[in-house]
Amino acid sequence: MSELTHLDETGSARMVDVGAKAVTERVAVARGAVTMDAETLRLLREGGHKKGDVIAVARIAGIQAAKRCSDLIPLCHPMMLTSVTVDFEFDETEPRVEISARCKVSGQTGVEMEALTAVSIAALTIYDMCKAVDRGMHITDVCLVEKQGGKSGHWMQAK
Amino acid sequence: MSELTHLDETGSARMVDVGAKAVTERVAVARGAVTMDAETLRLLREGGHKKGDVIAVARIAGIQAAKRCSDLIPLCHPMMLTSVTVDFEFDETEPRVEISARCKVSGQTGVEMEALTAVSIAALTIYDMCKAVDRGMHITDVCLVEKQGGKSGHWMQAK
Amino acid sequence: MSELTHLDETGSARMVDVGAKAVTERVAVARGAVTMDAETLRLLREGGHKKGDVIAVARIAGIQAAKRCSDLIPLCHPMMLTSVTVDFEFDETEPRVEISARCKVSGQTGVEMEALTAVSIAALTIYDMCKAVDRGMHITDVCLVEKQGGKSGHWMQAK
Amino acid sequence: MSELTHLDETGSARMVDVGAKAVTERVAVARGAVTMDAETLRLLREGGHKKGDVIAVARIAGIQAAKRCSDLIPLCHPMMLTSVTVDFEFDETEPRVEISARCKVSGQTGVEMEALTAVSIAALTIYDMCKAVDRGMHITDVCLVEKQGGKSGHWMQAK
Amino acid sequence: MSELTHLDETGSARMVDVGAKAVTERVAVARGAVTMDAETLRLLREGGHKKGDVIAVARIAGIQAAKRCSDLIPLCHPMMLTSVTVDFEFDETEPRVEISARCKVSGQTGVEMEALTAVSIAALTIYDMCKAVDRGMHITDVCLVEKQGGKSGHWMQAK
Amino acid sequence: MSELTHLDETGSARMVDVGAKAVTERVAVARGAVTMDAETLRLLREGGHKKGDVIAVARIAGIQAAKRCSDLIPLCHPMMLTSVTVDFEFDETEPRVEISARCKVSGQTGVEMEALTAVSIAALTIYDMCKAVDRGMHITDVCLVEKQGGKSGHWMQAK
């Protein structure tokens, strides 16, 4: 039967014991997007060529947030991430900025939350830096895309 | 002309000078949702009655994240929030959990980012606590709903 | 001869070198209590049934504090905790709330400080949430109860 | 009727709105103790003369913890403390180390939690630095001693 | 007579009471440099045009460190900075990168430490990102350049 | 050809993947100095005998900063340091305080940044505690002195 493992039998929160799980190479990829006005995206894209700093700042914010994940998400385990990358793509048809993050660790539990946190904080950073011109942006479609390692093996989000 | 105020004339990031802005009472309300399987929502709802802890944990994570906002979002100003509330509603038709956060300060700049950060981290916490039963959840529609105080006065998201 | 290992031969503080110690499974259990008025305990207990959030908040605060221990206690080593649980019991005869915390790690040094920090911060959180009705509460009897792993093996506090 | 102000009418946790409270000069004094073996206290006292660092480290840990209080105690408001002092006395008759902390702010809410947190973390730091020679120490009698400022005026713990 | 104000009459550390000081507009400017091989500077400069990210990352690290100053420097007061900027210049004759930081606050104590911390962490970030090609870099000449506000008025470093 | 490994082929920042590197015992030693007036050094030295706390506080600040390095330097990997020591020497001929830090880990990447961060924050703490009597101090000559472990083996700074 399905169960929320972060709750014990009395419904109390706990940091699940992962001590008996195998140390394996674990990878997680998460994705999300910030929808915005076409004009806002244009400012960002120009920044991508002439100024560059909005995306650079969002990338750093995302990487740092991945490292701070266990401090932000109460029941997450501390993790010694061996790699974090955060990438951005401009989609002019929507218009929106697509964000993806990839985290890696050799450990006893997965890094899904680290990747999802990196995407979320990178998205919030874009919102922060563009909000003076576009208050109506939305952060949307933040989800796990792929997961490797651990007992459940290789998982990919169904299309 | 529109401008990204977090960049100076050379395109470099900066923490904008708010020293000359008036100290006013400022409020921001943000919203977002976590979409999930009907069965996952059922587990959460039961938790809401018998166990309670998932939502309680997500609420605390959101409140704490609001306080840590300037540490997470690189160009945000430190803020002495006077109030933070985070609320949750279960929408069974989607199915999804709706999250809203309301932040207040008496200060020289708004608290939109604090409210948006509270929603995002509360959403990630729900994801974390339910991911063992539902890896396909999405965090979606995170946006600013309302903003009071400061030069721009009262703003509400258009329907 | 007895020695304070956190001081070198000149009396200067240092983070002791644990690099040569064996990696073993280590567990620590700590305990403490918050004494309070009978009426305050009654409010908390009712909360335990109808509202629940005081204890839920204190539990989360304790778990998060365990993870942040090396950031709070200057000479503690960083630790990748594999499990943290914090539990509460209501003792109406005193009256008081008893708190216990159990931490686990596979590492080169013990997790006593993590468990003691979890108890202390959970106790402070109860104090914070009840202080509007009872300023005279005391946090008391915070101590190590049990310790497993490492060179010293299994230790239990004498009754 | 008495009420736990950190819970709203549905029992959910919230960071109480202090926006309407007056900005006044607020002071809080807290106290606590670490009981220990006579031999451990002797090592500490000698340190006080020749080595000095245990108490110096505990003092710093306490001061820093006061500043980090709103990050540790979930529903505490951020505070711009204007002063923190942490003091220690050796009581050989018990034997124990008495710790007291005094915090000051000009703000809309009190600094009791900051003073109590300073005492608790200073006590844990003493425990950490002496645990190699005395695992049976207890942190005890942590309480608020005095409180000035705000609506409730001057309060002192009854003897 | 001169005195170290962070120590009380017994030589114990304390967070100095600034509660009686006037709230004034305070500005501090600090400066420092990272000396390096000519080839390393060339890689950085090219980055300035084509890649850009080293300097962008160092700037963000400096701004964030300014906000975290009271968490890093034990006796610093928490501060609600209203502005932080960090700038870089390439000096090919040395060769070195010059870093300057400017912090502003309306408060009861100065922001020298915030500006000096921003410069130091920005410098360390440059070191980190270039160390794979040049382990012999030095961080040097970190100092206060200018200070406005408060009792001491306008101060500038003598040439 | 030389390359800045923290940038990918498009010049974007990333946390380099160290997952394939061997776990070896790694040590790094860094050094730096705070130059000051002779009178300031005299106050510090007297402190070393009668009061002691300036150096004790700076040492603790340095040790704590080493542990927080991956939180401060954006692309640093989290590290479970097994040992940190920070030492000070008074040089009256300059006059200046020399600071050295030594960090150790058993891990997949070096601890140079941890040692350099410890030196820098210890230096800033000395500056903070002495700035009331000497605003013209400089932090200077912060550099890596020695590095052991990893692919590059034993490296020492050339004289």
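Should a chain be cited, it is by its letter among A, B, C, D, E and F, assigned in written order, with residues numbered from 1 in that chain.
Assume a residue touches a chain if its C-beta (ideal position, glycine included) is under 8 Å from a C-beta of that chain, and two chains touch if they have at least 3 such contacts.
Chain by chain, the UniProt names read as follows: A, B, C, D, E, F = Cyclic pyranopterin monophosphate synthase.
Here the structure is a predicted model, which means the values were calculated and not measured.
The minimal number of chain-to-chain contact steps leading from subunit C to subunit E is 2.
Common neighbours of subunit B and subunit F, by the contact definition above: A, C, D, E.
The greater number of contacting C-beta pairs, out of the two interfaces D-F and A-C, is seen for A-C.
Put simply, the C-alpha centre of subunit B and that of subunit C have 31 angstrom between them. Put simply, the C-alpha centre of subunit E and that of subunit F have 16 angstrom between them. Annotation for subunit B: residues 12-13, 52-53, 56-57, 60-61, 64, 68, 74-75, 78-80 touch two or more other chains.
Interfaces, counted as pairs of touching chains, are A-B, A-C, A-E, A-F, B-C, B-D, B-E, C-D, C-F, D-E, D-F, E-F.
Those residues of subunit B that touch subunit A in the shared complex are 2-7, 10-13, 32, 39, 43, 47, 50-54, 56-57, 60-61, 64-65, 68, 72-76, 112-113, 116-117, 120-121, 123-125, 127-133, 135-144, 147, 155, 157-158.
The part of subunit D that touches subunit B in the complex is made up of residues 8, 12-19, 70-71, 74-75, 77-80, 107-108.
Partner subunit A is touched in their complex by these residues of subunit C: 25, 56, 59-60, 63-64, 66-68, 78-87, 104-106.
Interface residues of subunit F, counted against subunit D in their complex, comprise 52-53, 56-57, 60-61.
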